[in-house]
Amino acid sequence: MPASARFPDLSRVPLVDEVGVNERAARFQTRSIKNESKIEALHLILSMIDLTTLEGQDTPGKVRQLCQKALHLHDALPGLPHVAAVCVYPTMVGVARKTLAGFGIGDAIKIASVATAFPSGMAPRQIKLEETRIAVEDGADEIDMVISRGAFLQGEYGFVFDEIAAVKEACGDAHLKVILETGELGTLDRIRRASVLAMHAGADFIKTSTGKIQPAATLPVTLVMLQAIRDFYYQSGRMVGMKPAGGISNAKLAVHYLVMLKETLGNAWMTPEWYRFGASSLANDVLMQLQKQATGVYQSADYFSKD
Amino acid sequence: MASSTSRVPVAKTYKIYIDGKFPRTESGRYFALVDANEKVVANICRSSRKDFRNAVVAARKAFGGWSASSAYLRGQILYRIAEMLEGRREQFVAELALQGQAKRSAKKEVDAAIDRLIYYAGWSDKYQQVFSSVNPVASSHFNFSVLEPTGVVSLIAPDESGLVGLVSNLAPIIVGGNTTVVLASESMPLSAISFAEVLHASDVPAGVVNILTGHRDELTAQFASHMDVNAVLYCDDTHDVAKEVQTKAADNIKRVVCRSGRDWSDAASQDPYLISETQEVKTTWHPIGS
Amino acid sequence: MSTDPSKLAFNDGWRYAPAPESTDHVSIDKRYGLFIGGDFVKPEAGQYFDSINPATEEKLARIALAKTADIDLAVKAARKAKNGAWSKMKAAERGKYIFRIARILQERAREFAVIESLDGGKPIRESRDIDIPLAAAHFFYYAGWADKLEYAFPARKPVALGVAGQIIPWNFPLLMAAWKIAPALACGNTVVLKPAETTSLTALKLAEVVRDADLPPGVVNIVTGAGETGAAIVEHAGIDKIAFTGSTDVGRRIQRALAGTGKKYTLELGGKAANIIFADAAIDQAVEGIVNGIFFNQGHVCCAGSRLLVQESVADEVIAKLRDRMETLIVGDPLDKNTDIGAINSRAQLDTIESYLKVGQEEGAEMYQSSCKVPERGYWCRPTIFTGASQSHRIVQEEIFGPVLAVQTFRTMEEGLTKANNTPYGLSGGVWTDKGAKIFRMAQNIRAGVIWANTFNKFDPTSPFGGYKESGVGREGGLHGLSAYVDLEA
């Protein structure tokens, strides 16, 4: 177990009132982001995307295409950033590593790999740890693990904590993102508690969802997790990153996630180092918005590559 | 002068009723109640503003407990008052007669007073159900409005009706959980003091009802102006009185209720809206969620 | 772990560009007359006053100054309508007129929102999302009551009072007009309404709506002016009922003026509500509730949660979070869609608020204001909290009516309750705790007309609103709001 991991006093985890959270989340959506601040936000969003493919039908060819898109979002528009990372299954890490290495951009685009029997997490711990180590050995910079939701819902918080801590150790230098799968936790109180457990166990990021369960990321859920990150920061001095994933498919919504981020954690988190969007179709909608800003004309999806 | 064979009757001393006790007025003053033959019937306490002040302190002290008591208990206590009054019917009839009322009318009045108490005893746990509401707000909140007692109510009882006028106004005040300071009828003050004795024997907690006797022209201003009184109820709608009461009541935005021109013995003079006149509506919101 | 993380920083980096609401669809006349008997008429004495945009100090329009002679005309018009068309009409038809007003307001909602923000200084987000929709909803709610009044008063026959004189404040101009006019009309009364002198415009636009809805002339009359105009309404012998919303001082004067006249009245007056945060509350939502309680509408809210009572064990945490949250509040142009706190309504009100800021500091409380910039012109006050405030301080006892919060701590529930109730006001109160039993105990024992438990500053047409003690007499809204406009016959 990493030295920094310390089981939290769960009795001190703040309670959450759902209606109040929903009201606050709705307020962020009343922010009107226009003109240059919209363009800035759209660029930032692109740079925060973990461009994702997590399908049973994934092949090396699909992953290579994804890596191309990660670098060449839409070359017709100059000055665009590349995405933060590509996110793939462990068996595809090697392909991604090889493809990205060919670009000669160093490790500017990270490789994130899901692990720990994603998406269900229903595997023996030794297999989860082994899967993690293999993904890291194959070149993953970041590991997106899933927590054991069944154990969590049973109240086996020690089990969940130990597992996260063990995976963190198995990660070595790789960053650990801990997926809570908030759609299976049921209440915001549990989401807050799971966030606290994950951060105390050593998570570098906390992440809402696998994308395989509905509901995936929502503004209220993400707000609760951001508030947990803020409290953890004030208590420990350690910054933890946030990754909403699943369901964020349009630019306007993503901008409101940024608004929420800015007004909850402030400027320090407004970088790909501390905030990611887990998404596959978001990038194109952002690109369409940027093109619209540049030309003043509403766009068609036919002009943007679907990878 | 009594003959050697007859017994000398023992006259009753009429005192005032504050905080469950029967003191004389702190002022030591009195006024004589005389009958039609100018014979002194009793010396009545001429209460002072300090008596009133003491009574308000008692009423305020009693408010917390009385307002928190269950509706069922308040109903039982009002019913108990009626029982006690029923047992003393003859005394009250005689006393009204002594104050100049015809016997027939006195009997009717006492019966009406008893029945009025039964009427309001029955309302104790029902007016809330009639007057409260659940409000279907558009947001995700549960929202309901209930009645709560206004607080300390000063009551200047009708002058023309010694007993049923008092009971008809007092009962809706206290059944609703308020406490009160009463100024008895000036021309017929005896029944009010005897009624205090009935209250005293009926499990009414000390301070819930306080009854003073005295001159209206001295005390009306006090009843209307005291800053720790939340509502003032009076029954004389002559312009000068109304103006004085309402003007002074404005000092602390008292609720002002005037009830005049009623035949208090008539059953039409009772209804639950009289309870609601010394009630506040409180609305509570709470989110519905998890 | 002994770390001292630096404060979160909210003000550098990405900023929101100005997002002004467009005003090109809004028309404001240069000069407005009085709306009497279904038409705009010139004031008898020919006097006008300026309505100022408090965010720019620029003149928006000239507004007629109504004097006694004008009030007399308005009351006569209202009386004529009361004795004529309005009383002869079937109740269901009366209701349909009120429904019409609701519908037209919904259609013209954005225009009303913009004018409300221009004239009063409140953020467009609030006028757009709260004031105007709620005003329309009020008309819609009470319209439906018009032909159902007998169900509101068991065993009684409700009868209209006659002509209602209605005097409203500047903090929610159109909404307060709706609160007053809708139930009065539903119950069969006619009205003479006076908006506050700094915010007459939406009431005058409402007069246009009333005209467009074809209400019989004289059912609604809108007269404009300041305190003297209001006094002329209060004193007019032809008025049967006064409904007033405003300060407790003026309410007291009105109650006195009405003494002995036999006129009925309802009063919605001041407040100094306690917002009570227990240690077991959902703290982050409680902080939102504090913000919404005191910074909503620049704190120009009679039921504002202007006293924060926070349990000692969480006081530091709550205050720290509150300060962070205050940093994210945007003060400025009321027409900017991102503005959270708009302009203070008038120079006079700003002076009052600023005098309390001095008082608070002199009393020894510690003042904290957010670091946001405010525009150079116009009337502005940054969100402000005073920590270390005491029950004996004036900033704790007196209504400031601005974005200024007095923070106190308590240890036990009893102490919290005692402090909450230690005020002559009793309009509202807030309770934040996760424990249901405690909510009910607190809700029962706070002597105030509206209790928000785990929420604050919520309003709805169906929900009665009004104060205990010096916060007023009577209720507005909901079933109980009907009582203010009827006599009950056997």
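Labels for the chains are A, B and C, by order of writing; each one numbers its residues from 1.
Assume a residue touches a chain if its C-beta (ideal position, glycine included) is under 8 Å from a C-beta of that chain, and two chains touch if they have at least 3 such contacts.
Predicted model, so just to flag it, every value in this text is computed and none were measured.
Under the stated contact rule, the graph of chain-to-chain touches is complete, every pair of chains being in contact. Taking the mean of each chain's C-alpha atoms, the chain closest to the overall C-alpha centroid is C.
Of the two chain pairs considered here, A-B and B-C, the higher C-beta contact count falls to B-C. Put simply, the C-alpha centre of subunit A and that of subunit C have 44 angstrom between them. Centroids built from CA atoms put subunit B at 70 Å from subunit A. Subunit C has its Cα centroid 37 Å from the Cα centroid of subunit B.
Shared contact sites, meaning residues of subunit B that touch two or more other chains, fall at 141, 287.
Residue positions of subunit C touching 2 or more other chains, listed in rising order: 454-455. Listed for subunit A are residues 17, 19-20, each touching two or more other chains. Residue ranges of subunit B in contact with subunit C, taken from their complex: 68, 130, 133, 135-139, 141, 143, 145, 148, 150-151, 230, 239-240, 242-247, 249-253, 255, 268, 271, 273, 280-287.
For subunit C in complex with subunit B, the touching residues are 137, 154-156, 248, 251-253, 255-256, 258-260, 262, 267, 269, 424, 439, 443-444, 447-455, 458, 460, 462-466, 468-473, 475, 478-480, 488, 490.
Considering their complex, residues 17-20, 22, 187-189 of subunit A touch subunit B. Interface of subunit C with subunit A (complex): residues 1, 3-5, 8-19, 125, 129, 280-285, 288-289, 320, 324, 328, 337-338, 434, 454-455.
Subunit A meets subunit C in the complex at residues 14-17, 19-21, 23-24, 30-38, 40-41, 44, 227, 230, 233-238, 258-259, 262-263, 265-268, 270.
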